[in-house]
Amino acid sequence: MSAGQQLYDFAALIYPICRSITGNGVRETLRLVGQRIPLQVREVPTGSRAFDWEVPLEWNIEDAYVMDPQGRRVVDFQEHNLHIVSYSEPVSVSMPREELVARLHALPEHPDWIPYRTSYYRRSWGFCMRQRDLERLPAGSYRVEIKSRLERGSLTYAEAVIPGRTRDEVLFFAHVCHPSLANDNTSGVSIATALARWVAGEPRRYTYRFVFAPGTIGSLCWLARNESRLKRVRHGMVLALLGDPGPLTYKMSRRESSEIDAVAQYVLSAMDPRAQVIGFSPYGYDERQLCSPGFDLPVGRLTRSVNGGYSQYHSSADDLSLIRPEFLAQSYEACQRIISILETDGRYVNLSPKGEPLLGKRGLYGSVGGRSPAEREHALLWVLNQSDGSRSLLDIARRSGIDFQRVCEAASALQNAGLLAPQGRKRDASSKGGAQRATGVRKLQSKRGGR
Amino acid sequence: MSAGQQLYDFAALIYPICRSITGNGVRETLRLVGQRIPLQVREVPTGSRAFDWEVPLEWNIEDAYVMDPQGRRVVDFQEHNLHIVSYSEPVSVSMPREELVARLHALPEHPDWIPYRTSYYRRSWGFCMRQRDLERLPAGSYRVEIKSRLERGSLTYAEAVIPGRTRDEVLFFAHVCHPSLANDNTSGVSIATALARWVAGEPRRYTYRFVFAPGTIGSLCWLARNESRLKRVRHGMVLALLGDPGPLTYKMSRRESSEIDAVAQYVLSAMDPRAQVIGFSPYGYDERQLCSPGFDLPVGRLTRSVNGGYSQYHSSADDLSLIRPEFLAQSYEACQRIISILETDGRYVNLSPKGEPLLGKRGLYGSVGGRSPAEREHALLWVLNQSDGSRSLLDIARRSGIDFQRVCEAASALQNAGLLAPQGRKRDASSKGGAQRATGVRKLQSKRGGR
Amino acid sequence: MSAGQQLYDFAALIYPICRSITGNGVRETLRLVGQRIPLQVREVPTGSRAFDWEVPLEWNIEDAYVMDPQGRRVVDFQEHNLHIVSYSEPVSVSMPREELVARLHALPEHPDWIPYRTSYYRRSWGFCMRQRDLERLPAGSYRVEIKSRLERGSLTYAEAVIPGRTRDEVLFFAHVCHPSLANDNTSGVSIATALARWVAGEPRRYTYRFVFAPGTIGSLCWLARNESRLKRVRHGMVLALLGDPGPLTYKMSRRESSEIDAVAQYVLSAMDPRAQVIGFSPYGYDERQLCSPGFDLPVGRLTRSVNGGYSQYHSSADDLSLIRPEFLAQSYEACQRIISILETDGRYVNLSPKGEPLLGKRGLYGSVGGRSPAEREHALLWVLNQSDGSRSLLDIARRSGIDFQRVCEAASALQNAGLLAPQGRKRDASSKGGAQRATGVRKLQSKRGGR
């Protein structure tokens, strides 16, 4: 089965669950994620502080409906999760149509779609319905039943941590608080899950942390509980809206000059001429919190269409027909490529910086002169020339126009030939008294044969 | 009466006066200005030093004419102020046409216009006339009479100072040395006068200083007498050429990165798609002196057409038909808008920088989620996210694309909610031991209710 | 005779010589250069170290040919220098056509051209020939004779040093290692020779060093023997490919912000709208070594077409019909103009920085006001306004759009009037206690007369 189909299938599996920012829908979703990757689930009790916020009462719902004067269920939670305004309080009441209408949300411009509405932080209730159904409601008295519970409980989030050679972290965030919306949370959850599984099988320098949390309050809880660890976050991305037909879109971190910004820009432009990179803005998903000025993490966001950028956004039309395996697969590949560059990019130092070293003698350069060198040979010259510790391999790839992969291969060949060292390692060596560095140089000199 | 008409009428009132860099024309002009705003008139005696310059003899003129062989006044100062070369010395002489012609200035490409010429710093005399009249002069002997006086006296300039809450100053400069040229000095004098009256009725942080002075030597005298006070000048503009049909044009200060440069650019682009911002250059009006490298004041220049940029420039065709109330009104409005932004712009610090504060609880954010936030709500998020002390409200307006006024309203609402503080004020607080700041934070926490 | 024709004639004179990276061809070329300019010839013995490289055995060749089964010389070194792969070892052998073919190089896409091939650093042999001749070789046994010598000897390079008022150097590099290729080395050698002769007759601040050396190993030898002197190199250019019809092309130094980069860009854009400036890249001519990270010299490269950028490159079609006197002349003029700007550019300090000084009194400005100033007067204002020590005359020319020459004339006039001083000289003065500076100011004041 293709990667895209697998991503789609998991999105489809969790699509029907009625999620909110707290409650059993989130727990069930995380249980299914946890069947695929090792997951630590956290419960944060109602009333816990998270900076300016606190965890609200836990919300769960069994049933909800509106019954018309003829006894027909004209709005029915059993038919679609979106029919109920999320966090609606329990209600059992009768009221005339005129009074009821103030509690009903619809989309006049899309009469067949049910909108998605919430009232997390003000106790209230309401229903969402199709405009065409709303207009047909007969006059008379209506019965409203909402069998929900708002009780002390907890907010649930989860983390998958895949340790690497270092404690430096790459952070991925996916929100898990939306009920039956396919692009707007199941696509991100599915791709984050698959990435965690893939990265666990790859050699890696970084530790990878995948957080599955309700939007806003969930990321604030995570931030509050991990504040001392944030300095380890070297790069990150919020993952959302990754299955629709829109072009790949990377939204920059608040700094707009983080390494992840450069890497994502490079990968997207190589993958798709339609791809776009957009500036940071303080609205969107959990980058709102991660990039607030008090944290300012180097975290961007990958989407296809942006939030609010497609007509089906936050409505029942954001269903499983909107997302497609091939788009999920391309989004997933973009993440993989970004990770690959983050893992391999680095700054190097030319250990033979005075003039070019003699590459032919080391088998790195063709012996017949007069012809144009191959791109492989150009890559060697670029890496040697630019590696003064100030420019990364990605910088060199972008400046030279040579593919990053080929630049990496050149750096690797030069390292094997003793001509190049990672900037950090060299610094380590010299801090140990320069002994290793001196040895390295001597080794180089002994290689210079009689040609 | 419209603002434009009032501006026009005052320009028309002072248009007929024969001004020069010294003399009674300047004094009469300043007397009329002084009827409208409180004005301090300064007299700088002949021979006073102003850096590399000194105040010349004072020049006044009663009459001047050229009489042809038939006894007709073919050039007559009584007919138009521009007929006499400004600062012409007294003359009473007869000479043949051939000799006279060397003293006559005309515009062959505009045969019906009288040019404007001066000889301030070399003792000389001459007349300006229409080319078509020049060509008709018959041969023979001409009588030349110039009843002028070049005597020890003084140079006159004036200031209107409107004190603000602080001693930091905003400086406006208008030149008052041109005789009957409408766009090229009466427009600037009229707008500066109206601005001084308007700003006196507005709440204001800055002290406003309006200087009405002869060009070059007048601004040099002002600079020489105010050198120790220049450090208070935070922003400024030279006002000139503000009534013609050309597009609003802002010329940047020498630094090209002053706050006034950013503000003027923002205002002009919002007011008129034809508006233009041009780079600094060392020729023009008194920005030549104010932006000389020894002062380098943050002073730009507002004009419509630029000096030399319209065919009527420095000729009798720069008359009251060239300027129009609606253009004066738009120029005036640009100045007002620039002042408004200077007054309200500033850098702020988010007092709750870790994650977003809970805006809904403070009545700043709608309680129903799922819908796109209103622009008002976006403005709140932008101000919170960007206010780390490094970016001004204008920076935020430009980056977000949200109107400056709305950004200011957001900042104000956030200040009222205790979420934002002016950068300076916060610094003051912490320098007093941080007590107020700590209180502010405590107040915030006590606001967090049980939700 | 025109400059272009002289340049062409010298290129034609050295075109027939069979040069390589060592040997008598280089010596004969340098002997002819030495007849025109004072030249110090250096011999670097075989086996000498130059960083990672060492000088190879010296190569000389008397004859070489391939004889077909019928005894015809089907490839003959006597017919064209390019027929032999440079550095081919001595051979005297017979072999069947099938075996021989592996030693033959041709250009299928240009069947009438002989390619240029070398094997400097791997002992080998081979022939280059026209593709159309290669295809006609009959089957059978071939006789191969190469009468070459690979012996201990030396590498030869030469320098012409033209001392200036200071020891700061401008460095020009031309490669002299290519056999009969007209654009690709005789053009550069000819222009470098002519420049050295011209610059010796000009007043000059800088010392000029012209190096004529074999590519790569020659510049490495020069670098190794001059390492301690490199800090004196203030500017430089590699000269090559200067006679073909392509547009003037400047390749930036590795820093891409050296003064030579700005100067060359200015000169080229003024000379030819087709001219181009390209970014640094680590492949090309001796800028590869001069701009390696261990040296990073402020050295760019001037060419017309770039290496590999014209179809005749590295083939027998790069002959005397490819280069033309007018193109050589234009390239030469570009070098002269660049030198002129390097010699005259500098940063100055306005000694009367508060307001404009009174230029009219010093005879620098017209006395009749009201007219637009001449460009000469604008240049004075620009130099005065911008000369705060941070901007060079070239910066001022670029910012003002006024020709560099006119800006220099303005600076010179202002210096003569005591209004401007070179930045360095002023600094010297103030370090001597400020006495001279104070005197300068006093002198200025005493000039202010009674006007």
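In this document, chain identifiers A, B and C correspond to the written order of the chains, with residue numbering beginning at 1 in each.
Operating definition for what follows: a residue touches a chain if its C-beta (ideal position, glycine included) is under 8 Å from a C-beta of that chain, and two chains touch if they have at least 3 such contacts.
Just so we're clear, the structure is a prediction, and the values are computed from it rather than from any experiment.
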Here chain A maps onto chain B under a C-alpha rotation whose angle in degrees, rounded to the nearest 5, is 120
Across the interface between the identical copies chain B and chain C, with over half of residue numbers shared counting as same and under half as different, the residues used are different
Chain B and chain C have mean C-alpha positions lying a whole-number Å distance apart equal to 52
Two or more other chains are touched by the chain C residues none
So, in the complex, the side of chain C touching chain B is made of residues 350, 352-358, 360-361, 367-373, 378, 381-382, 384-388, 399-400, 444, 448, 451
Per the touch rule, the chain C residues reaching chain A in their complex are 47, 50-54, 56, 85-86, 105, 115-122, 124, 126, 216, 219-220, 223, 227, 254, 279, 281-283, 288-289, 291-296, 308, 314
